[in-house]
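Multiple structures are listed underneath, in structure tokens.
Okay, so subunit A shows up in both of these, paired with subunit B first and subunit C after.
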Partner chain A sequence: MENRPLEYDYTVAKMFMLTTIIFGIVGMSIGVILAFELAFPGINTILGSGLAEYTNFSRLRPLHTDSVIFGFTISGVFATWYYVGQRVLKVSMAESSLLMFLGKLQFWIYILTVAAAVVSLFLGETTSKEYAEFEWPVDIAIVVVWVLWGVNMFGLIGLRREKSLYISVWYYIATFLGIAMLYLFNNMEVPTWLATSAAGETHIGDWFHSVSMYAGTNDALVQWWYGHNAVAFGFTVPIVAMVYYFLPKESGQAIYSYKLSLLSFWGLMFVYLWAGGHHLLFSTVPDWVQTMGSIFSIVLILPSWGSAINMLLTMKGEWQQVAASPLIKFMILGSTFYMFSTLEGPIQAIKSVNAIAHFTDWIVGHVHDGVLGWVGFMIMAGLYHMAPRVFKREIYSKSLMASQFWIQTLGVVLYFTSMWIAGITQGMMWRAHDQFGNLAYSFIDTVTVLHPYYAIRGVGGLLYLIGFVMFTYNIYKTMTAGKRLDSEPASASPMGA
Partner chain B sequence: MFHWLEKNPFFFAVGVFAAIAFAGLVEIVPNFAEASRPVIGTAPYSTLELAGRQVYIKNSCNACHSQLIRPFKSETDRYGHYSLSGEYAYDRPFLWGSKRTGPDLHRVGNYRTTDWHENHMKDPAAIVPGSIMPKYTWMYTKMVDIDTAFAEQLTDAQFFAVPYNKPVPMKELDVDGKPKTKIVKMGKSIAEANAMALVEAKDIVKNMKDQDIKDAVNKRGEIPEIVALIAYLNSLK
Partner chain C sequence: MFSVEFQAYGYVAATIFLTVALYSYIYHLYKNRRDADGHDYEEYSNMALHDGIEDTPVNSLPKDDKK
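Now for the complex of A and B:
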């Protein structure tokens, strides 16, 4: 093989970087609106009662979750794949006009899918299943996007010059397979226009409406097998792929332990899927499924911490970089939030804790210390690392990046601390009895008490959003006004240049 | 072995898939037949109730309200008997929810009335001071989609053997000590389905105060979303 580094083609990566940022702003802004609607319900009708249907909490809620998951995060996964994939496989997208075409096709179908998803959710066309709200036409479009990504991934792998798959590629493959399996099975539904009335009428009512293939408890079981593991394969697995690439590249340090990465990877693959049952503790699913969910959630600490410790120890002897580089800060704090979140989750999955935590804001807090602190930080760090190499310009402002880091960290801390207090307060109030054995509080008492925490959470979310806008500005200025680079910024391992 | 896998992407992918698919097979498959049997007293949804359920879903009521009463004294005190698996036999999709920003609704039909819902949905904070639930004013002017609810009933009956037009056992016993039965009827045509829903709606609006709603149903034969939603909520017992 020649010594000269390959010229990689980042056309598709750039397209997905753009959507990562746009959907990030959209999804997070909706999140902030929702947070303040809970604190100040008047905001539900902020555009007047005529438009209240579209600005109200319940209509916006799936738009928030789906735009940050399928918009921001999945775009981030695609963007980083189209950057990392080429580099660790040592093959350029430009070498195959077919893969390049499919990559662009994937992007444009993705854009159309997102547009259809947004419109349908605003109109209230939802299956009600969390993170699987889309009706069947959108589902089919999502499957097409995913298959195109898979074809591209395995196509690039087929053309690779580096025979051994780097750790990040393992995680990207797992992301592809995991989401494919989960999404297909959870979205099994029968379109209602297939039914025929006794009078022989067909295609009755809305053509896009459907009925879930599963009923009641089974539906719940499949949904939370999906819901929990969509978090696994959307918010954990691909983000670990990113940190395994970007941290060693940015710091010039080799991964601490190959064996630890093996243990964490295969451990995570096997253990994660069992834990879905912890969303259904004390429900009507069989007791043994609940217990398995609970136990495997505890076991899950091992592979999760394995990856996180591997990351932190990668910085061994080089901790001054954390002080010097805001980009390293994002990745190290991200890994720390990952450790934190993967300890908090198992604690909440213990039955006696879950009895208090379930249905409360503590769960919302848990989700957000993971997604804001880990997913958001890592995706932004990935894009910050990619920007100088993709646009061949220096990052516009390191000090802006540092201020962004502290503002967002403060935001995350405000978010999860307020939600801890809110969740535990509410959980305890729901179960409190007075000396006669009657319930001590009516439900509304447990709502009004949360007002200050909802307000603090809103501020936390707003700070995070402000940080994201700073990120956007910094990337924009890098693209347009950053100092031009003649050669790529130096970085070492993994796998050379 | 691992080094070999890392050089052979196909077998690597197969290995990953086996590792992740295993748990689903073990946890989900054995439960399917067991859990889908309805308990005595559970009947399919009528056309108007199903239309109301669609309104419930359309507005993501399940984002803030659960329909799952856990077997704790504090929950049975507050909401009634804890939930049983067979009670959900006709719930497609399930609506357990994952967050109680508002109270559980699985048995709301036992302790709230048509009148209460009518006023509450218009302005929740006026009925429950301090409530942070938004107003659902558009439900009073938008008409519900009976056609799609009817299509859903047909799908339920044709693809999932939901017993429409068939007797289902109830909890009450007749004079011979056998369970009484109930037949939930489904229309033969779109026109009949709409007519049946209107009959149900007329029954609901008897207990409503809003004259516009009463007129819509009784005079114009139209069914506002709120009427269907109330029919659904009243059916949750």
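Now for the complex of A and C:
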């Protein structure tokens, strides 16, 4: 045994790969149900009026958003870190029993935390802050999971053989620090039992109930500083970390410009934190904050496109790989969707555009072309690349992966195009008025007009979910029935027919 | 009132400072092309391409040389 060569240890990576897939299925399934509930409201009470509390849109919505953010995406971030981190630092988890123990501990506390979050949200216990709905006991558990991840990350960095930190490691560190700061400050809350006794159904005064430490406009400002930067440090920064590793590795091509990756990183860090004010345009926050949010959102195009163009140019002279490999297709289309949604977001943050876009379905469309086309595609591509190396088997089916790619791409396109049309229609109808200033339409007029687009959105979401089930099946078959590999592939992942 | 003005001036000063720092960094990267250890920045792409545990690091830590 003592002569066995040192290998990377993917135990913890595999655990988080599993939760990425499970929470992906759960979160996306709830999303599809919600989409059809909006198109066909009868589904809200599909299990009868007695259970309507558990099936209606408002109860399920935070379960969708939180399971895809904190379940699917964050699991994907952990899974890829425990894979990429070891490799670019050239140190194995097997070299430190402490780090291995802490990694497993992080996983199991994460599972308990997710269970507590799901149960509490399903029972309707919420702080009512978007993407920060968890009550204080769950928040504390999330902080513990995050700190354990940080200890593991910096522990692994401390043991490294490679002196310099690869660009992806910088992005993972930024994810850790950014989310830590945002999550702590936005979730500052006061348990109500400190001030009052339990008051029945409202749960005010119960041990788990809390209220935000901030009030009114201040609460909105902190909430959207958090909300927007959760997109930054949850949906952008760690996904850029993934693409900077997985695309060069899978294609065998060096990053087009490593210098550009460095300055895009610092540019992104510099600009992103100021842009959150664009969520509060035309609200009660000071005008200069709104203008700052708009301006920094426009400037944000530069570092975002710096990374995206760097990725596309990495394929320079090697574009035949995009045609030949469905895995490269996922990453290149993901980078393209990143470019696309980081142009769309700044456009929506321009005040005159926002006057139409604010509160409409265009915003929902924007979020989803980013998360489905960029975040989802990159996480799945990362897991596909990892599978042959982690399980030491060929990817089960290339044709299944290619079919999945086209089905999901069609799903994303149906999703965002329907929401563009719905959003702009909605925005125009809300604003329309006659010469005396009377509104031309009532709210229900807009709902009637939007119905077909809501149905199309539901179909788009369903196609994406079907693709995700195909992905799950492909990974499962890779684990159990893929052809065994004698040695680790250097670049392109081997795939069966 | 003083604290509000202080915040506003502080904000402008911080923005100018960070902008200058960022552009100086870009200038530094493209002018020097190499870091303090003498490695061309572009060499660091190899950290992803040659990431086997037995592969030679692009920039080894001194402690590793003793092994």
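The definition used in the following text is that the second predicted complex is superposed on the first by the 473 of 497 C-alpha atoms of A that agree within 3 Å, B and C clash if a C-alpha of one lies under 4 Å from a C-alpha of the other, contacts with A are read in each partner's own complex, and residues count from 1 in each chain.
By definition in this document, a residue touches a chain if its C-beta (ideal position, glycine included) is under 8 Å from a C-beta of that chain, and two chains touch if they have at least 3 such contacts.
Bear in mind the structure is a predicted one, so any value in this text is a computation, not a measurement.
Within the superposed three-chain arrangement, the count of touched residues of subunit A is higher for B, of the candidates subunit B and subunit C. By the touch criterion defined above, A:Tyr245 lies against subunit C but remains apart from subunit B after alignment on the C-alpha atoms of chain A. Once chain A of one complex is fitted onto chain A of the other, the partner contacts of A:Ser164 extend to both subunit B and subunit C. Once the two complexes are laid over each other on the shared chain, residue contacts for A:Leu262 go to subunit B and to subunit C alike.
When both complexes are overlaid on chain A, the residue A:Phe270 reaches subunit B and subunit C alike.
Contact with subunit C, but none with subunit B, is seen for A:Glu488 once the two complexes are overlaid on the shared chain.
Look at A:Ser92: by the touch rule set out above, it reaches subunit C but stays clear of subunit B. Within the superposed three-chain model, A:Glu394 lies out of touch with both subunit B and subunit C [touch as defined at top]. In the superposed pair of complexes, A:Ala254 makes contact with subunit C only, with no contact to subunit B. In the superposition on the C-alpha atoms of chain A, the part of subunit A touched by subunit B in one complex and by subunit C in the other spans residues 163-164, 262, 266, 270. Residues of subunit B touching subunit A in their complex: 2-3, 6-7, 9, 12-13, 16-17, 19-24, 27-28, 31-32, 34-36, 57-64, 66, 68, 70-75, 77-78, 83-103, 125, 128-138, 145, 147-152, 154-160, 187-190, 192-193.
Across the complex, subunit A is touched by residues 18, 22, 25-26, 29-30, 33, 35, 37, 39, 41-49, 51-55, 57-61, 64 of subunit C.
On the subunit A side of its complex with subunit B, the touching residues are 37-38, 41, 44-45, 49, 52-53, 56-59, 61-62, 124-130, 154, 157-158, 163-165, 170, 173-174, 177-178, 181, 185, 190, 192-199, 201, 204-206, 209, 211-212, 214-223, 225, 227, 229, 262, 266, 269-270, 272-274, 276-277, 279, 282-286, 289, 292, 296, 355, 358-361, 363-364, 430-433, 438-439, 443-444, 447-448. The touching residues of subunit A, when paired with subunit C in their complex, are 5-8, 87-88, 90-92, 160-164, 166-168, 244-245, 248-249, 252, 254-255, 257-259, 262-263, 266-267, 270, 488, 491.
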